[in-house]
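Dropping a structure here in structure tokens format, bear with me for questions.
Chain nomenclature is as follows: A, B, C and D, assigned in order of appearance, with residue numbering initiated at 1 for each chain independently.
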Amino acid sequence: MIRRPDANLLILLAAFPVLWFLPAGLKSYGLYVVSLWLVMSIAAMGLNLTLGYAGLTSLAQGAFLGIGAYATAILTTKAGWPLPAAFLASSGLSFAVGVLLGFPALRVKHHYLAFVTLAFTVVVFLVARNEQWLTGGVFGIANIPRPVLFGSDLGAALPFYRLLLCVTLVLALAMWWLLRSPWGRAFLALRENPLRAASLGIDIRAYTLLAFAIGSAYGGAAGSLYAPLVEFIDPAPFALSASFVLLLTVVAGGAGSFFGPFVGAFFSYMLPELLRATGGWYLIIYAAVVLVIVMISPTGLLGLIERWRDHRSQTRAAAARAAATPTLGAEAGGSESDSLRKGATP
Amino acid sequence: MDQFLQLIVAGLATGAIYALAAIGFTLVWQTSQTINFAQGEFVMLPAILVLVGTHAGLPVWAAFAVASIAFVLLFGFGFKRFLVEPMQRHGVLPLAIATMALSVLVKEAAKNGFSAEAQPFPSLVPDGMLSLWGAALSARDLAIVVVAVVAIVGLQLFITRTRTGRTMQATAQNPTVARILGIPVERMILLTFLINAVLALVASYLVSPVYLAKFSNGESIGLAAFIAAIVGGFNQIRGALAGGFLIGLIDNLTAAYVSSAYRTAVPLVVLVVVILVKPEGLLGRKEERTV
Amino acid sequence: MTHVLEVSGLKKHFGGVKAVDGVSFTVEEGEILGLIGPNGCGKSTLFNCILGQLTPTEGAVRLDGRVITGLYPAQLNRLGVSRTFQLLQVFPNLSVRENLILAGQEHKGTMLRRLFGARDAGLTPDADRMIAFFRLQHLADQKAGGLSYGQQKLLDAAMAFMAGPRLVLLDEPAGGVNLTMLENLKERLRTINRELGATFVVIEHNMDFVMSLCSRVVVMAEGKVLAEGSPAAIRNDPAVIEAYLGH
Amino acid sequence: MTIRTLTAAALAATALTASLAATGGTALAADPVKLIDVIELSGPGAPAGTNWKNGVDLAVSEINAKGGILGRPIAVTHYDSQTNPGATRAAVQRAVDEDAYVVLGPIFSGPISASMQITQRAAVPQIVGGEASAFTKQGNPYIFRTSLNQADAMPKLANYLRDEVKAKSVAVVWVNNDFGKGGRDSMIPELQKRGIQVAADIPTESGQADFAADAIKVKNANADAIFVYLNEEESARFLRSARQQGIAKPIVGETTLLGAKVIELAGEAANGVKGHVGLLVDAPKPGFAVFGKKYRDTYGFTSDHNGIKGYTAVYTVKTITERVGKFDREAFAKTLHGARIDVAQEPGILIDTKWLENGDVDRESFLVEVTDGKPVVKATLPMINP
């Protein structure tokens, strides 16, 4: 994806007007489902950064969704904050907690890290359930307001959906920029070969913490939008299983590919709704679909496309290799140089 | 003191179940790098299969026999042959995700195909109390501990005393070297999957009379097995054993003496601290820092 | 006078095994020092101790007179210590140019500037110069994973030079490189040594390569320095011959 | 406001259809009336939801066999709430979009709290199976219960503990979800008001399998009685653990603990358990016995109180709609407030029931004790405000 950076931007910008106008004909249920897809895509985008790009196995994204949702619910219902302010505060809080949770990631990797983040998720869930004075406990927080922005009420399904769409676009653009920047390159290096990355001066500690914190901030941002979308929250949607589903979402969609989270979230959050008509069987169908996806393409659905592209570029590379074997000698064509001094470039 | 002893026995009984699941989990991880997130469902399913048999009119002993054979075939042999084998070369994460999907699949199939509700399960041990050192202890808890310990000791004897067992252990410790030494690695890997299925079977028949047979029973057991395996170092049968008993004990003691509301978190937090201080696990082998 | 690199009394023990057992030597400005020794003599462990990959049991490493023992690899790199690896360590999913930019980016500006500044951190000209120098022009936009072994080896070396390092530790640069290329590789290394003013320490098994490239050679055996001197002197040292030929 | 306009249009259309049907428009008479049931078919609420769904299906097939409501057959659709507020909200949203006449369910109060604003906003009546006290306190005119509010049930039970069990101290074991916490929060002040000491206050997890530690703790608290307020399966597991740990003190509960499922699952361990029950197929009311038999014949197991709730919810829709005389949601809601339906008038309601202004119900209830694996009714308690 770094090879062809602008394709992602183009798809993103082209999808926006389509998604702006297309669901206008949907009733509130359809809009709710599409809105939920956007919100969960944001959370999955964050996890995709942590897991897909930086290679850190986290089972805490559901907890950050919860942290964001509760922070927003508390700030808007109890403290009377407007949603935009609560949104920034929730994302910032998640970022800060993400930095703290990142410290264990400096010490342990893979399944150990999965375990540490799992414990964190359980603790967050229990705090949300037990500390009734703050979170409403098992009774949750009801009547979470939808926003009024610049004097216009965005409470109805369609305007609120469009607001979500705008926020999603902004966050996706930010992610796109981040991944294209030297940071994105460093995250990738962190995932593929931390040993080599360190030898190139890449501060593993700083980038690990950042990958965790930014991924968590996206989780918090998603939670902050989830709360006014559902207008009621209780601890159940942020239990451990939510983190597992998000992990599944990212991998099935294609970990490490830009649009993977959107595709994965479609499967995890929209497909079940589409399959509602099948009664009790939809979870079976969903699980079977995921199983088939990972078995056919272990790198996720979008990984399939990546692989196809790689295959093509490798064919090209082989041709290029055959055209010129590396000899460092003079016979290799093209603009070459025998000096590294500036200005010595041909 | 009376209460403490009761709690210890109850904790050991819970822990024995976790240990059975965790040992299988560890074996399968060692030989094939499979993180089996469906391990809990493996413990849930045999009991359901038995009930399917009895509901179909089979006598209890026949239901047990049919369910046991079917389960070991499907989730010992079939699991390895049709899920793990094709996916193994793609690395740990895709396979782990596949087992996650499998876990949902098994759970939902048990729910839709059998029942959404818990069902009573025939007990192999009668209820009752035994008086020991002045404390009234549950006979069933003691029986669970005894059966589990017998199973584990049996496994240990198999591994250390028989040729096949030693070969299997060599495979588990280093499949690459084993392959070079001409050990039939694939067969040994299959053996670990079969052992895993049998251990799950034993755990299932032990817990279901108390927990009741239900499609969702695997959730907590699977998680506990995962945690026990990690705490034990992920690569040690003894570690998994210790981890399982430890979690059962901490869980019960927490519920009684610390906080019921934070019961599930306390063992986790304790163990996270252990992991952070000693990243290679309780009985794991230490590796040199590489970054 | 301070040395570029000074290793003094370095020890690394693994349990009872004394992999490195009291090694001392210095590396001077601009020189190419060869580090040789039979397999298992502790060269690689020594490298890893110098580079912060392992923590030495005892002893100190100084860079320009400053103690650097215990620093992380990334910190060392930003102080100008760079390395190549014995086994290939390029990033297969990045293009050749991206690999080089990655190798240089952490030496440019602050974290924040890297986030908001140019995508290539202004390193494309440097990277292209390096690409041209190593004759990889036609592959600049290919993923590194698709390159042949020899090409990846060149890229690996090029990455080590991207940031204009003060000291480069090369771990078997000639390993697996074919004969026709060897001469040219040597020539490239000499040019870099001259033009960048970088100091090299080279671990290598290929004696001819070491003897013709290096100005000075340190021989290790069983965790200790066995001999030290000019290539000619080393070639004729009976102790060295004994160590290599064994019994 | 698109929803408002849509709803208004839908209402107008429904009213028109209904009036046409009433005047004998045969072409439209077969147009089914749409009930949408949003219910816990997966997650922790699955056992309760399955009973409810079966009850609903049973009532619908009976009513349709007799010609439907005002000549129109009922078409019922079940959507799974997953016992998850977000999913419930989606399902209820869909029900409203699909122009449900009345929304039935859910049972768990998290899902109810997440969805009741939607039906309120769309002015669609919602008949729920929840017992937690919170949601009838919010002045929502479209929310109705099918069972007693736990805040009404607990005083009855506290009296029972004081007068019949003669307990001076009670250990309280509750499930830490909205149902259990709500019950515990209503019960403890009632106990204290009556001078009964709370010897232990033990929360347990929803879906918990291992109750050994809790049982040991209860045993060592040495209270005169144990009040158990858990969901069905957890109740059974607790009873088994209690038996296993040799607890001999009376175990007392509310409705759930004495449900058919709990007795079946707990087996021997359920004998001697006693308490207060709102709805019970074995209660001495002829309607219950008929329903209980029909349910068992159809589904192969005994209905718990949730089956009765689902069943009576559909009959409530039928009776009230017939009273209104047309399909008008607003009139339906208005009429149901303060309504009383007697078995004499509509046998399908099973027990005389009165709806209060806030949507709560009032009806007779029962004191029950389990003997030889059967719930035996010891006494019938009158309505609070007959």
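To be clear about the criterion, contacts are C-beta pairs under 8 Å (C-beta built on N, C-alpha and C of every residue); 3 or more make two chains touch, one makes a residue touch a chain.
A quick note: this is a predicted structure, and the numbers were derived from the prediction, not measured.
Asks: Centre of all protein Cα atoms: which chain's centre is nearest to it?
Replies: Smallest offset from the overall C-alpha mean is found for A.
Asks: Could you find the chain whose CA centre sits the greatest distance from that of chain C?
Replies: Chain D.
Asks: Busiest chain-chain interface by contact pairs, anyone?
Replies: Top-ranked chain pair by contact count is A-C.
Asks: Taking the mean of the CA coordinates per chain, how far is chain A from chain D in Å?
Replies: Each chain's C-alpha centroid was found; their separation is 40 Å.
Asks: Could you state the distance in Å from the CA-based centre of chain B to that of chain D?
Replies: 38
Asks: As a quick test, compute the distance in whole Å between the mean CA positions of chain B and chain C.
Replies: Inter-chain centre distance comes to 49 Å.
Asks: If I count partner chains per residue in chain A, which residues reach a count of at least 2?
Replies: Within chain A, the residues that touch at least two other chains are 129-130, 195, 198, 204, 280, 283.
Asks: Using the touch rule from the top of the page, what residues of chain B touch 2 or more other chains?
Replies: 108, 111, 261, 264, 290-291
Asks: Can you list the residues of chain C that touch 2 or more other chains?
Replies: Only 53, 73 qualify.
Asks: Along chain A, where are the residues that touch chain C in the complex?
Replies: Residue list for chain A touching chain C: 2-3, 5, 178, 180-183, 185-186, 188-189, 192-193, 195-206, 310, 313-314, 316-318, 320-321, 323-329, 332-342, 344-346.
Asks: Could you pull out which chain A residues touch chain B in their complex?
Replies: Residues 57, 104, 107-108, 110-112, 115-116, 118-119, 122-123, 126, 129-130, 194-195, 198, 204, 240, 244, 247-248, 251-252, 255, 280-281, 283-284, 286-288, 290-291, 294-295, 298-299.
Asks: Tell me, which parts of chain B touch chain A in their complex?
Replies: Result: residues 35, 37, 83, 86-87, 90-95, 97-98, 100-102, 104-105, 108-109, 111-112, 223, 226-227, 230, 234, 261-262, 264-265, 268-269, 271-272, 275-276, 279, 290-291 of chain B touch chain A.
Asks: Contact residues on chain D for chain B in the complex?
Replies: 41-42, 44, 46-47, 50, 176, 202-205, 207-210, 212-214, 216-217, 220, 232-233, 236-237, 240-241, 243-246, 261, 264-265, 267-269
Asks: In their shared complex, at which residues does chain A touch chain D?
Replies: Per the touch definition, chain A meets chain D at residues 27-30, 32-33, 36, 129-130, 137-140, 142-143, 156-158, 226, 230-234, 236-237, 273, 276, 279-280, 282-283.
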